[in-house]
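Below, chain A partners chain B and then partners chain C, in two separate complexes.
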Partner chain A sequence: MITQVSSSLYHQLTTVFDDGLAIKGDLEPLASLRRNAFARFQETGFPTLKDEDWKYTNLQPLLSKNYLLRDNLPGKSVSIEKAFIKGLNPYKLVLVNGHFRTDLSDVVDEQGVSIYSIEDIHQHKLSLRHFAQYADKTDNPLVALNTALHEGGLVIEIEKNITLRRSIQIIHVASSSETIFNQTRNLYLLGNNTKAEILESFITDDIGLSLNNTVSEVVLEENAHLQHYYLQTANSQSSYLNHTEIHQKKHSLYNNYNCTFPGSAFIRNNINVRLDDSAVESHLYGITLTAEDQLVDNHTIVDHRKPHCESYEWYKNITQNTSTAVFNGKIFVREDAQKTNAFQQNNNMLIGEKSTIFSKPQLEIFADDVKCSHGCTMGQFDDDALFYLRARGISEEKARVLLVHAFAFDVTEKFSSEPIREYVDHLIEEGLIIEQ
Partner chain B sequence: MSTKDDNILTELAVEEYKYGFTTDIEMDIAKKGLSEDTVRFISAKKSEPEWLLEWRLKALKHFEKMSMPQWQNFKHPKVDFQDISYYAAPKEKPKVNSIDEVDPELLETFAKLGIPLDEQKILAGVVAVDAVFDSVSVKTTFREKLKEVGVIFCSFGEAVREYPELVKKYLGTVVPQTDNLYAALNAAVFSDGSFVYIPKGVNCPMELSTYFRINAQNTGQFERTLIVADEGSYVSYLEGCTAPMRDENQLHAAVVELIALDNAEIKYSTVQNWYPGDKNGIGGIYNFVTKRGICRGDNSKISWTQVETGSSITWKYPSVILKGDNSIGEFYSVALTRNHQIADTGSKMFHIGKNTRSKIVSKGISAGVSQNSYRGLVQIGKGAEKARNFTQCDSLLIGDRCGAHTFPYIEAKNKTAKLEHEATTSKIGEDQIFYLNQRGIDSEKAVELIVNGYAKEVLNQLPMEFAVEAQKLLAISLEGSVG
Partner chain C sequence: MLSIKNLQASVDDKQILKGLNLEVKAGEVHAIMGPNGSGKSTLASVLAGRDAYEVTGGEVTLEGKDLLELSPEDRAREGLFLAFQYPIEIPGVSNINFLKTAVNEIRAYKGLAPMEAKEFLKQVKEKQKLVEFDAKLANRSLNEGFSGGEKKRNEIFQLAMLEPKLSILDETDSGLDIDALRIVANGVNHLRSKDNAFVVITHYQRLLEYIVPDFVHVLYKGRIVKSGTKELALELEEKGYDWLKESVDAEEGAAI
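The block that comes next holds the complex of A and B.
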């Protein structure tokens, strides 16, 4: 299934793998995990438009480039100011092309929290037990590729009964003067009765093109609470393939806020939540503002496997210029998952003359005593609302900004942190192109 | 569940499908197998012109090149295309001119089905019927009366002989031979069907109706319906289907093409009650049908209404291509599945013209261990200024082992488009049943009442005679599903 176009990166990767470079000195079970994963990747190759999950998202142009598969300048200095959020003082952890840079990062001096580079995972029994146990069960070939050839990434382990005093901000910097392919791997483990807030900012710093294939696995043990933000502000030189797999235990709560702004040329987010115990709650919020030629594709899966769980999903897209937004939300309610409440909503504002929106809100239900609903709308500026504001002396430009803010408010009001809401509101305003 | 209930259920499995009889009639059945010879045989049997044979052969070539689709939400059953007989017809007798000359066995069959073929006996005379028996049209009623206003309503075979230009002009323009595997198969081997042409400005004076009946064993039914509504005309068309109970699965792969020109309106209603198989999922019809209409002219309208209770697998997406400006497409559906039935159905609306509007209302009901999927596509093209769509797909679950799924695809490329989609899934509330119980209505009747209320929005779209039948059908199909 390997087409001519994708052969260049595909062959490059095969060569790297066959040379044994990836496995290096890896101990078991990591070495066999990598080997098995690469075999799985080779079976399918890169996904094409013929795959249902990639129907609207063409990877081929990205695969025809000649990539540098390893950072040739580790340790170089980068600027991270772009990711700073006014009014928020988190522990900043900096990853440059996936590599954890302790020299640029804050020290997290909280009891019961250990943070280390994924390269050191073989020294940690607990993390090793969870590593590659969740995301690899999906059939995403990019996850298999990441498991096989990942380099760099972060592990956060929070011991039970710990509540983090400050939030953690992970700043992912893509920085290279050449065309680079990064494969970062993260693992976040939250023990029983823990509470944490993790922000992940994606920024770029340098002129080279980058393709970032990131996989994160998140495990929430009983009664763990996690607020998880994605703040995507990278520039048009960068492309992202993010896969996040969340595994939840009893009474846990997971909130994901996925915010994407004009910049990065190509973004594909897979966010999968497995509610694998009773009384679990998950919330997925998304706000996407696109411009120019951007393509932003958000795929989510909410998988209800056990009874008495609740999920709530709300994604909003605003497309400008010639950009494209894709939303695919799947909700599964398995046979066992009686008394499930699942809600999903996708609203779109199509502003750009030549922009496109593809939406596929999907429900698959195998249990009868459930309440599930989904809704999807597409529209644009409401002329009546615009007129109302204009009649009150508000300029057209200002009125449009107001209306977009109002549209986004359903999602931004759900944010757990005030400074982040202000930060996002500001980015929306900045990203809006108002035609005079 | 008590043994008494079990007994009732067992009885119902035998009783419930009351159209499961077979008719012993002399049949002309082609040898099993599919090849160029089969196609030539059918074409020769129908004494078809050369162009149609060519058209069929082209379709066969495409069919042979195509592979089975994989995207559907069920495991595609193995269909051995060489193990099917592609032609079955009541033995040719001299052409009949009056009702007395039709085989009495056949008349009896249709009488059992409640299809009055005998024109004289119909007092009301509001429905003209084209009865299709094992994919050959047996009798079309009220032809003369329709001819007076210029409406052509006849079997496909006759249409090819008598109105070749019309058929040639429109055949395959909405569903081309290459459209999909089953459409290609149908194009190659279709044996008959109905043809309707409504001339300019004519409001068809009565409901037109086709009744499909599969009778012979090991045959597939492949009929083709073509309806053309010329400028400013209106027609309402009904389709009903039944088949005998057999242990093997039979294939029904029909194609329906609707064409509405300027200001024309076509209303197409289906009450599908093919044999659904027994309660263990053995036997039943595979209903793989391609239905598509095109609003070719400005201000035209096409409306699909379907009540699907039969077939072991129903797989179809009646669609409308909204090409003309201000054209309207509608789709109303109730799909009820139980036991081991599978339904993967929905609609597609392609908005091409300006100010086009579409509405989809789909109500799925699943019981037993059945799987019911809604799959739909709403596509707004670049030039479809001010297009508007509303979609609602609701699912009702009865029992804890059935499934209800929705797969809506929404694609918008125009910034003036307005779309709404909503879906809900729920079960029949115990409080609702309790409320009705309190008022002396037993649980089974209560469920019937609730389901009919749930499906009302769709049933209301059916012509009156059909609505009554559809309501009864839902009631019969639901019997025994409450434990």
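The block that comes next holds the complex of A and C.
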């Protein structure tokens, strides 16, 4: 077991790595990947407010804590009911502090699908070929750190021509009685002509603080279709750094639905889609409802690299109390990416008078024959609408719920799954605070 | 049913209603006419409980209950209905969902169970027919992209569904062509009973040919300056408001 060192997380991590504890006999090429990644991490260290991409999102308070770097009770029992979705019967895969718990998970009884812990990746040639080939190309030091020191995580491989009969729900449980730092690493590979729906729920089970630095790489081969949901419902003591890197081939379709609710105090999501072939389609939808002192920062990159692709992004933020939401949407249209169609919209509703929203669309277009549009709106509760509803006998509380549902509707109507839409609408209703 | 005594109200510190009196009994229809800016919509808003309007004096009771101390939703639940002069659009809120919520909130206030889905749909069908409200519109977002006439008909459709005791129609006739006007008026006439009452705010005599009022009042400068029967509406149609304005303004001048 790794003992705690009483100084910053950076110091702790460096000590651990230098001791050679992290490499723990990994076979090549993993050992070199880890070593190189750690060197990259050390070059920059953790991001600070001085980094343009982190200027509203201060990691420092999280980094000054002492963390347990490895789960000290790996087999503990946890409760996962909070993640259940009425009307949906997915295969549930449970990760506790990143560790795949087969004892708590369903067996995915489908042909052509392999699911295993990332620790076993060295036995799988195909996965090894993709591992750390995408996210590590970005300059996010948190990815480098994860590549170097990840522990736990899931690989899902779907062979070509397979359509999953049921969706897969990955339940990420942050559970510790002590302060813990988790680094989960996931890899999802969808072969040619596959179709799948993957939901990822984030919940908290115990009283300890946790910082979760998760990296997921998603590869969609030709004509693969993935519906990918993030359902963030963790408690305030769990903080998250999520980096998702999606790599898409010809005729593939990737839909991401990124939903965050009151709870977790600190969330930074990086979602990067690389449209690295022609005729690719990507959709990024986001709905964020914040409360109390929460900070939720969504950074997305839509990277059009080849011609005839289409991307569509719509993020909605609703902030209450003294919370903060950040939206940063970069769209690149590279020189080769003629006939690109890129749409981006970000709508914000500030409910809490002391809440804050930072929104920044960033379009960098190097091709000339493209259609790109983006828009951003900031607003508050529409008092006239509120009065109209109340004048029909609807309570102020219900009227607010109706209006927030209505605000979210552009996004929730896009959901591919009715039970998830209802689940999300319900979480919105639960998350709305009447007295601001 | 409705009793307004010496009502004074202001908006942005500007006094708009300056001592207004009105008594409406069950089974009656009262028309309120008056030039633009005289305070008709202000009266409607104050009665419905809009925040921006501050009541600075007087009292209002609905069937003996102090209306002014109730929240807008409780006023509606007590049986007050305002058909808005400018119904607003609420994208994303479905018309029918909204109505169901309203119906059931009012029922809950009265201690009744939610309306059965079947009964609700039956009512919807019946009342849609009454105001010839296109069924397709009922499933759309509330008023979103509706024409002016469709919005007004939606107001009366809602009125029919909620079965209020006292309805205030604020210029429901404006923006309606003659056919739509007839439909709306027929709807209202159909809903009239000895147990409910209507206050019809209008600019023109035209609507009153279809919804025949028991009393006609003229509102000017925040007060009712003349009351009469339906003949008064005809007289106003003929002579305009100037003769009334002049006499009120002259009185004011004399008072100063």
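Assume the second predicted complex is superposed on the first by the 428 of 436 C-alpha atoms of A that agree within 3 Å, B and C clash if a C-alpha of one lies under 4 Å from a C-alpha of the other, contacts with A are read in each partner's own complex, and residues count from 1 in each chain.
The criterion applied here is as follows: contacts are C-beta pairs under 8 Å (C-beta built on N, C-alpha and C of every residue); 3 or more make two chains touch, one makes a residue touch a chain.
On a predicted model such as this, the values are computed, not experimentally measured, just so you know.
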- Query: Where does A:Tyr423 make contact in the superposed view: on chain B (first), on chain C (second), on both, or on neither?
  - Reply: neither
- Message: With both complexes superposed on chain A, which partner does A:Tyr240 reach: first (chain B), second (chain C), both or neither?
- Response: neither
- Task: Classify the contacts of A:Phe38 with the two partner chains as first (chain B alone), second (chain C alone), both, or neither.
- Result: neither
- Message: Output check: A:Gln380 vs chain B and chain C. Expected answer is one of first, second, both, neither. What do you get?
- Response: first
- See if chain A has more residues touched by chain B or by chain C, and give me that chain. B
- Task: Would you check which partner chain A:Asp410 touches, where first means chain B only, second means chain C only, and both and neither mean what they say?
- Result: second
- Please work out whether A:Arg392 is in contact with chain B alone, chain C alone, both, or neither, and reply first, second, both or neither. second
- Flag every residue of chain A that touches chain C in the complex, lowest number first. 382-385, 387-396, 398-399, 402-403, 405-410
- Task: Flag every residue of chain B that touches chain A in the complex, lowest number first.
- Result: 71, 382, 395, 397-427
- Message: Can you tell me which positions in chain C touch chain A when the two form their complex?
- Response: 48-51, 71-73, 75-77, 82, 84, 87-88, 90-93, 97-98, 101-102, 105-106, 109, 141, 158, 162
- Item | chain B-facing residues of chain A, complex | 52, 335, 338, 348, 350-380
